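Here is the structure we will look at, set down as structure tokens.
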Amino acid sequence: MTASETSHPKLQHAGGLDFAIADITEAEYGRKDIRLAENEMPGLVDLRREYAEAKPLHGARIAGSLHMTTQTAVLIETLVALGADVRWVSCNIFSTQDYAAAAAVVGPHGTPENPQGVPVFAWKGESLEDYWWCTEQLFKFRDENGNVVGPNMILDDGGDATLLVHKGVEFEKTGVVPTVADDDLTVADEERVVLATLRRSLAEDPQRWTTINSDIRGVTEETTTGVNRLYQLAERGELLFPAINVNDSVTKSKFDNKYGIRHSLIDGLNRATDVLLGGKVAVVAAYGDTGKGSVEALAGQGARVIVAEVDPICALQALLEGHEVNTLENVIDKADILVTATGNKDIVTVELMKRMKHQAIVANVGHFDNEIDMAGLGRVEGIQRITIKPQVDEWIFPDGHSIIVLSEGRLMNLGNATGHPSFVMSNSFSNQVIAQIELFTKHEEYNKDVYRLPKHLDEKVARIHVTALGGELTTLSKDQAEYIGVDVEGPYKPEHYRY
Amino acid sequence: MTASETSHPKLQHAGGLDFAIADITEAEYGRKDIRLAENEMPGLVDLRREYAEAKPLHGARIAGSLHMTTQTAVLIETLVALGADVRWVSCNIFSTQDYAAAAAVVGPHGTPENPQGVPVFAWKGESLEDYWWCTEQLFKFRDENGNVVGPNMILDDGGDATLLVHKGVEFEKTGVVPTVADDDLTVADEERVVLATLRRSLAEDPQRWTTINSDIRGVTEETTTGVNRLYQLAERGELLFPAINVNDSVTKSKFDNKYGIRHSLIDGLNRATDVLLGGKVAVVAAYGDTGKGSVEALAGQGARVIVAEVDPICALQALLEGHEVNTLENVIDKADILVTATGNKDIVTVELMKRMKHQAIVANVGHFDNEIDMAGLGRVEGIQRITIKPQVDEWIFPDGHSIIVLSEGRLMNLGNATGHPSFVMSNSFSNQVIAQIELFTKHEEYNKDVYRLPKHLDEKVARIHVTALGGELTTLSKDQAEYIGVDVEGPYKPEHYRY
Amino acid sequence: MTASETSHPKLQHAGGLDFAIADITEAEYGRKDIRLAENEMPGLVDLRREYAEAKPLHGARIAGSLHMTTQTAVLIETLVALGADVRWVSCNIFSTQDYAAAAAVVGPHGTPENPQGVPVFAWKGESLEDYWWCTEQLFKFRDENGNVVGPNMILDDGGDATLLVHKGVEFEKTGVVPTVADDDLTVADEERVVLATLRRSLAEDPQRWTTINSDIRGVTEETTTGVNRLYQLAERGELLFPAINVNDSVTKSKFDNKYGIRHSLIDGLNRATDVLLGGKVAVVAAYGDTGKGSVEALAGQGARVIVAEVDPICALQALLEGHEVNTLENVIDKADILVTATGNKDIVTVELMKRMKHQAIVANVGHFDNEIDMAGLGRVEGIQRITIKPQVDEWIFPDGHSIIVLSEGRLMNLGNATGHPSFVMSNSFSNQVIAQIELFTKHEEYNKDVYRLPKHLDEKVARIHVTALGGELTTLSKDQAEYIGVDVEGPYKPEHYRY
Amino acid sequence: MTASETSHPKLQHAGGLDFAIADITEAEYGRKDIRLAENEMPGLVDLRREYAEAKPLHGARIAGSLHMTTQTAVLIETLVALGADVRWVSCNIFSTQDYAAAAAVVGPHGTPENPQGVPVFAWKGESLEDYWWCTEQLFKFRDENGNVVGPNMILDDGGDATLLVHKGVEFEKTGVVPTVADDDLTVADEERVVLATLRRSLAEDPQRWTTINSDIRGVTEETTTGVNRLYQLAERGELLFPAINVNDSVTKSKFDNKYGIRHSLIDGLNRATDVLLGGKVAVVAAYGDTGKGSVEALAGQGARVIVAEVDPICALQALLEGHEVNTLENVIDKADILVTATGNKDIVTVELMKRMKHQAIVANVGHFDNEIDMAGLGRVEGIQRITIKPQVDEWIFPDGHSIIVLSEGRLMNLGNATGHPSFVMSNSFSNQVIAQIELFTKHEEYNKDVYRLPKHLDEKVARIHVTALGGELTTLSKDQAEYIGVDVEGPYKPEHYRY
């Protein structure tokens, strides 16, 4: 480990752990919050119970890049309970809950003075440089002899950890990291930082990522965006290890994306602005799972919702649920709230923002901040930015009217709220744990491709959570099961079933 | 053609057509209703316009077995406009709208005296014998020389036409149709009739179905139930010709099944009973697409809905939408309305029905009448059946309390209402037309397997209907399309996407 | 009785009764429907039980003018069970259910050959002349000696029976009925018929209405419209007898108006047109109780609803429930369905109807047909009317586009559906019965003014229906009751409470 | 002013003002928040504009006791803009937003060093002694000569300021304040503090309250609870000055109570617990306006709601909206969340709390903390209280299971959230301002009774807010207005209309 890598001011060592977080004394509250969250995460608690003895993740070194929240702490401690060695970063510069990071470092049996948890590198409000420095730390496990070794598993959200390995390997092959001109506007700030990180890495160790990659058994990916990247890599034959697409487990995509955002969109709007949602015009860009959850939440509060969609099938769904479908261009003038949930880029342009009503609110629940042209907004001649409170900025145009942008255009459900609630994450994270076990223990059965979890595991996750909510399931008779051509125990639906 | 086959009292000949319907003078109202329906079926109207010149179904002889309603008449006339020769039956003994059947026979240019439409064999209230006699008539096209020939395409709903061919071929191979003892309770009435029909057919012509089958290019199937049968046949290697699963086009299963039933369930309940739905406890068995539509309709009218589910994923969806999930056994005593939407059998047993409240309502929106044990109900010692009006029976138990069973346990949205509304069927039937064109014109490219329509056709159907509802779609920029890895024109989602 | 009065072709005599209905043989179905309805009308059934012995309406001669439906038949038979002598007409030319009229004439113990029920003068599809002839028959009770006597109580809906008495007395005072010129467009057809009726009456007996009036103890009025008329009479000091405003019992106005129409609006739309409501733009004029029920029903089916309102308070409610508020002028071009629920006149003008989309639907759930300018529509040069089926007319404008008008612009929930469902009417009609008892037995305590029922009776009605729906009420402790200043038994709210 | 009164450690003097708040440097954020709130309070902004010149409150000394939030600051500054002298306290020990209190002291033109706003005595987390000390400070205005004088107007929420005057006068009449034994469990802690306060006051100045009372022109009261107290006083003939019941303006009770809580209940639950509401069983005690808003919010998030009600009319409404109605006793075992919205006392007993599920949540949105037996809870043998974070306590029963109680049983929408949002409060507070003007300028026209604002003022408030939400109202023609017996300009409904 070279000086350059360890020189970050946040880096600390205690209790035999290295970590970089905001404030370890916040662990007290974090531990309380974890205790409450465990009651809402029956899936993870059940998996701990089921695998208490077997410890199927013994030997796993899991590099986790996923919003460092209380729920994630419960996930981390489940992975540890199943035998894994774990390091963690947040996959978003604003999404860390500092108390959760502290609690994860302290662990269930440690204290702030003598932390016994896992190494976490994450705090709320990282710079881009911080962010990629943290991501780099993910890859520095220690073996029993204290030597730095890489992970053998990745647990990813959005694909940044996976990206770093892939780009690292790519550049190590060519032996050079491309340079970009400072004034080249086609290159995003973030890309520059990634390149700088890898340029430094290449200089330090020209085989680091190649070595790391050789150990990796696979990645389990959490989100639509990360999964899209994986499918693109696989299509081009460039995927370096097997991947399990956790996002497309039904109990993930149709629950986390939809019901999580149904909860946390309005939570974030309320905490950020306290504006009455009832009676307002809310425009939601995209009616995918996240968009559907957004619309349900806003309508449930009495807002009038207009949906913008590219996909005619989703648009037709929106219409048949009673919502106007129109383009942002056509309706932006009457929007009180604009929510972008596309997972695509360049959705909310400066031209659109200029046309919005005074103090209209702009919120991103898609994935990356490039859904909103924040850079362009900052370049508007004469624009003024007033920070009302952290993650709530009023941008005042020269004509005096303003808009409110949440979380600097990044995911507001994480930046302005506390992310998805525990119960929803219990579904997603149960799939994550199951996928980690699957890939870690059976990696030889998988090719360098993207897989989904088999449906019976999806149903297993659902079953635990139905029971936790007091639901009572009906049992098929053998005769009935045969009649519809399924097993009594399931799975109950064909692969293509849409729920 | 032998005497035995033609001896049905309903069989008529006029205007060069043979047909069997209730009353051709009802065509006047039927034609008016078709004119209104065309305004609500933009998909079919658009396809007529698109293919007005090409007539891609020229040469097709389509045997259609699908509820003979006004909407189906618009479908039939679209197939004819595209060049097809068509014969039609209903796939349910109660689902025919007699005026629609009459209008289809008369056609857009005929009169009741000189019908110029298509041969239809269907009326509301067929016996089982009638039903299978009608289905047999499907297979008697005439070639240009007036000789009886079979169809070369099947358009099926539930799979009865397909079944007859498969069973016919099977028995012709062995040369014998199995016999069943009259008192064998394991054999349903319907199966006996099918066997009798084929026994007679075998006697008349031992190669009829083999010959018919040799001409058939494929089948397009409308429903979950029929599709399940096809997959089972294909799995066993017994499928005789290629099949397109229309049911699982998104614009079918997620629209027809859900939004169609959302409309027609309460329409049927209202017409049958006029009972206030608000404040009542409605129990819905199954939360698939049909169940979801049922629940939304009932909740939209202020009923309290309890869901019974086998599949934990669907059950979890029901819970997260705010509904109690419980077993029929546990909640039957408080149900005012019981809706079965499973597509499975033996759901509503006599024991359950006995326990229901006085004048509680039992309704089937699944598929076959075996969801409800009607036979068992009729065998209850001392039970009394009072027909309130057609398709509405009060069954009075010996203790004096009664239940109301709709449509004799068959599909009540067809028996008590007028089926799915035109707009919904425009989606399904556009898929049917597209699937017929696909299989008829490209059958050589298909194996004896079950296929789904490619997604871009699904999106095409959706696009037409979005426009018809006044929705305005957003267009992706080339850059955005590349970013998410799709074409600007779509398809916009991966195959496994669930909507 | 003079020849002129008895000469109506529908007038019949049997079983000692005079009546005028469509077809007495329809009573068989009507009696079945009454039996089902009784199960849904726990309020009336309870009142029969409570007053079985006391018969508080013994001696009452009740003239009832209220839609002659199955529910009304249960009301009539409750009044009879409580001792009253009853005569009945419908208060709307299209709202009679002929089987219910027949069943009411036959009664629970009669037969079509020997009717033992009450004299009813009502059939579906009366002319205006029929209608007022029927209303006149209301006032011809027979005393024990067979002499014609007037009623001593009126039960009114819309106030037509009350109007006839007031106008009759007024003209008898002056001795002259005003004449109107045939071409005076300011006078509606209906007014001409009323004047003609009274002109004839005055000629026959110059004191008839004065005599009738002297016997009348009071009127109980069912609807907003009728109540408005009563308040206007009372304000001008012209009210001839005490009136109880049943409409403004909470269990009437907030239940019948709202939940009744929530049920019957979509029932009527479905029966009339079978058009999918989901995805359509529905414009509702007025957001009073009826408008609120309309909007809830349409939204519950997935329609997008726009509300037109005069009253800013109701408009603000609509906005906060998520609906656009706009004027008919601004949005008529995009309306697929236009529902008028104002109770006012001249809402849907010909100019608006001309601008509607092809085959857009126009429906009235307000009160009188003057909400829609039907007369003006008929006068459009070159317009063509095609009756699709009874109460469903397509009006084709000269440019070829058309609109669908339901029930000739009258109440479509009665004309196209079967009116409010039994359970809702059980609330309203329980109030009616209680109000009749109150006024009949305590008329001396009332002045010639308009009264509402005391709140504890309102709560009594509610209590019965809560229990019938399986609801379990909480009981206040004495201490709690004192704390909020009410009795343990209620009433629980101040008079001005709005629910 | 005696030493005893001024000795509070929070009391400060600056810029010529006396005040007692948490931290005046929080004013910076508070002023920003006020600026945002003004955009959401079009009613108050409009009134400032309308009365900018007239200054109808010139000479008014208004003692305000109402949650000291940002919205209240906008109200205060509106009163000041209309000419009033104002002093303020919060009416709840947890409801103060400290930044809003600071901002109100600083005022629009002051600085933290030189505050130019109004004297505020309020901070989040007062003790009961603090609370009543603050309330006492309300009554110490200074006249132009610097002498202490009382207010001449009260603006009250819950009636505590009014109570102090009434009790003060009462005890000054008898010359003695009753004493209560320390161990008398029938006397609440709060009552003891009030008595102690007045005992001290009586000792200091035996005519203080009598003198203060002689100046008071009237009170305008905000809430149901306060209004109930006023009606009870008026009924007993003990009301000392006229009162305007602002609560029962439609634009208050049907908006603030319903739509405010619809917003802030879930905001508070989310901020306090982050628990997913979807799929949970939420029990709501009382289905008044607040209960209705609570239920709508919870259902809108996918919770299953059960309603407990005393009033059968409200219960019937709950049933017809699709909710189960049951008693707390019957359903407490399955409640995940219990919301009490009754305005009554002793609703959530210790016995009920003991039976709740592990970590179930108890929340009060009624009025006083006596809805929940917090005292009893604290007395449970062996119970343990863990403060998760401020206003969120986990109470662990000896058996190890726990419940989460929000805001120590007080109003959680204020304690755990930020109270009702600005837009809703703009409605309520516009009524308050109008009522203050009315009583201050026309007090001679009022008796010592409780009045409601005339309906045209209610409609005026609504009209402003409809316009602000982009709604467009329809205008009655003169002819239409006459037809329904109203003025073209309104009011549009009779007094008893329920909306």
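We call the chains A, B, C and D, going by the order they appear; numbering starts again at 1 in every chain.
Everything that follows uses one rule, which is that a contact is a pair of C-beta atoms (placed from the backbone, for glycine too) under 8 Å apart; a residue touches a chain by one contact, two chains touch by 3 or more.
For reference, the UniProt names are A, B, C, D = Adenosylhomocysteinase.
Note that this is a predicted model, so its numbers are computed, not measured.
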| item | value |
| --- | --- |
| Identity of the chain that, by mean CA position, is farthest from chain C (Adenosylhomocysteinase) | A |
| For chain C (Adenosylhomocysteinase) paired with chain D (Adenosylhomocysteinase), centre-to-centre distance based on mean C-alpha positions, whole Å | 43 |
| Separation of mean Cα positions, chain C (Adenosylhomocysteinase) and chain A (Adenosylhomocysteinase) [Å, integer] | 59 |
| Residues of chain A (Adenosylhomocysteinase) whose C-beta touches two or more other chains | 259, 278-279, 299, 302, 316, 319-320, 324, 469 |
| Topology of the chain contact graph, where touching chains are joined (line, ring, star, complete, other) | complete |
| Chain D (Adenosylhomocysteinase) contact footprint on chain B (Adenosylhomocysteinase) (complex, rising order) | 278-279, 299, 302-305, 316, 319-324 |
| Contacting residues of chain D (Adenosylhomocysteinase) [partner chain A (Adenosylhomocysteinase), same complex] | 29, 32-33, 36, 39-40, 70, 259, 262-263, 266-267, 270-271, 273-281, 296-297, 299-302, 334, 358-359, 386, 388-389, 394, 404, 417-418, 421-424, 469-470 |
| Touch list for chain D (Adenosylhomocysteinase) against partner chain C (Adenosylhomocysteinase), complex | 228, 231-232, 248, 250-251, 253-255, 259, 285, 289, 308-320, 324-328, 330, 343-346, 427, 452, 458-459, 462-463, 465-466, 469, 471-477, 479-480, 483-485, 490, 492-496, 498-499 |
